[in-house]
Each structure stands twice: as C-alpha cells, then as structure tokens.
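Letters A, B and C mark the chains as written, and numbering starts fresh at 1 in each.
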C-alpha cells in the first residue's frame, strides 16, 4: 500500500468555467505504480467545486442555470457586507456542491461510466489559477 | 492493508426510485477480511447518485420534491437540443448530489446512525440496470 | 499504512448552527504517526452534514438562506405525517449536502486553502450532541 500526492494546475477562464480533468487524473494514476485504489481529488479554496457530469455543451449551460436558481448572483449576500468582493453566491454554490470527490480505480482505470467526466467548476467571478490535489492511495 | 473491489448489481424501477443498499454494502464488507477502513461507493454513469437518508416512505417523496424545485422536469434544457433524450434534469440533479460516497467502518461495522441508510437514487427517466462499485480499503 | 479511528464530540446550539471543526480535525491527525493520507469525516445521523466554507459571519447566514430556498421550513413534508417531529426539511437538506467529506493531508497538514474551513452543519431543529467519526488512513 502506498500514498502518493499529485497536483493539477489549471487556469480557469472565468465564472462557471467547467474544466474536464478526467484525462489529467487518469494520467496521474498511470504515472504511479499503484494498480488498485482510490483517488481523492480536492480543491483547496472555497469558491471552486468538483463533480462528475456528461461533458457536452448543453449540460455546461444547464448545470450553471440550476446554480443560478438556487443561489442567484443578483440578490443580497451578507458576505458582501464584510468583503465587498461580489462573490457571496460563489461561496454558497461551492459549499453545496463540495470540494472533494473520491473515485475508485481498478487495474489502473478509473471506474467512470462512458459518458461521465470529472469536472472542476470555477465558481469565483473571475479567471483564476487553481492547484487541485490528487491523493492516490492503493497497492 | 488491502484494497478489494466489489460490485452491487441493481435493477431500478424508474425515475426517482431510491434503493436502500445499506445491507448490501455491509454484507460486502463482512465477506472480506478487512476489519477497519473505508468503503468508497461509486456510481459509474451520469444520471445516478448516492447519499444517506432516513429510509421511510415520507422522505422518499420529500427528497424528490426538493429535486423538482431545483431542477424541474418540465423546463427547457440545452442538453435536449443535442440528445433528445428528455433527461437534462436527470443529469443536473445527479451532478449536484454527486456520484461518490465514502463511509468509514470499524470492527466490520459501518459507522452509520440508527436512522441513516445508504441509498442509490435513479435519476434517469426510466428503469435501468446499474452496477455500483464498492472500493474497500483497510486492514 | 495504517487506519486510525478518532471521534469529535460536539454540542450544537440549534438549527443551522455551523461549527468550525478544522482545528479539531488537524489536531486528531497530529496525534497520530501518519504523515500522508486522507481523513474521511463522517456524520452518523440523517440530520447533520459536512462541507467546507469560508468561515465568516456573512456566509453563516447566506448558506442557510440558500437552504431555505431549496427546502423551506414551512411547507408540507410527507415525513411529518409519519413522525410529527417537524424536521422533514432537515432531512432533505442533510441528504443533499451529504454526510461525508474526505480531505487529503501531506506532511501532517490538511490540504485546505487559507480561507477554507471544515464545518459541521446542524440541520435538526434543536440543539443536539453529535459524535463525528474521523477515519484516518495513510502512512
């Protein structure tokens, strides 16, 4: 059994950019000698999130529209009163989706479905650089 | 330390079927020689999800009603324009709830509360067969 | 490789109390001899949840307001018909946010961002005692 830490460095294009990181995660696993285990993908930061989705242009609009229904951009947020950075909705959305995703792999392959991709979602209101942590555990 | 992969095969009854898989997960752990560890339960596919809930008939209606508020079935989804499969809302709901759930176990027992069950939620619009992955890690 | 189980005992102040458990989780890891690994934090029970958030007074109001939009307290819940305990909305909210959070640590430090704290969210309608499970795996 072994634990290995890898990092993915991303440059997001701005609010609601959804980046397909499936191949990068698969590559990180392939570069280790671990055959079977889990990878915990984690976002350090409180305005980004991770999930899986069928990565096609329609859903890249539909998912953000759902976020706009549950945490609209143009309502008042108490967060704004302290920080004046206009991203109260970003924080609320990120905390609901969550910063962590754990995926099994077997014989070096992630157990994803064919139409299921791993995505990082930029929820902050501008382009950012992000360093995602991959903690790979297995044997 | 060891890693073992098990599978649960389910036949769902249709949209919003919530299946209690607690006993199946517990049984999978009991069949291994691992006493203490974690199980990562994972749905391959982008229209199913996992969480825990008190499994009683009322909540099996209340939880879907919440999903209908945040991602209604009868609004327009961009996903539909590409795929014409009427399940844009299914994808959006699945990505929000998430495809992965990690639960500790100690002395071979899942650390669940008494009124807390592990459920697979079918979010696609028809009955499907599902193969859920259980990655069991521990010693 | 090793697996160690620790517990956090909390006393919540009532509905929507959000408790910053970051330091307690960090302390639990520091008390072990494990340097690199993951900690799975888990809530036994179906009316509590875990996530990360920037722990500042504004967001401690904004996040609950989002929950009130998606699962309002004062609508009818089927759960109520069976149990008469007035917490149908608590269950629905808890199942959406989720009971489990897995965070990597490296050189004994959680890989959190500077403005990102781990929170337990009390979703039940009154003050409760809670025992949170920390399953620490690594080497």
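Note that in this section a residue touches a chain if its C-beta (ideal position, glycine included) is under 8 Å from a C-beta of that chain, and two chains touch if they have at least 3 such contacts.
Quick caveat: nothing in here was measured; it's all calculated off a predicted structure.
Engineer: Interface check for copies subunit A and subunit B. Shared numbers divided by all numbers used: above half gives same, below half gives different; which is it?
Structural biologist: different
Engineer: Can you work out the rotation angle that lays subunit B over subunit C using Cα coordinates, in steps of 5 degrees?
Structural biologist: 120
Engineer: Could you please state the distance in Å, as a whole number, between where the Cα atoms of subunit A are centred and where those of subunit B are centred?
Structural biologist: 19
Engineer: Can you list the subunit A residues in contact with two or more other chains?
Structural biologist: Residues 1, 70, 96, 98, 102, 137 of subunit A each touch two or more of the other chains.
Engineer: Using the touch definition from the top, list the residues of subunit C that touch subunit B in their complex.
Structural biologist: Residues of subunit C touching subunit B: 1-3, 5, 40, 42-46, 70-71, 77-83, 88, 91-92, 94-96, 98-100, 102, 133, 135, 137.
Engineer: Which residues of subunit B touch subunit C in the complex?
Structural biologist: Subunit B residues touching subunit C: 1, 36-38, 51-54, 56-59, 61-63, 66, 69-70, 96-98, 101-104, 106, 111-113, 115-116, 137-139.
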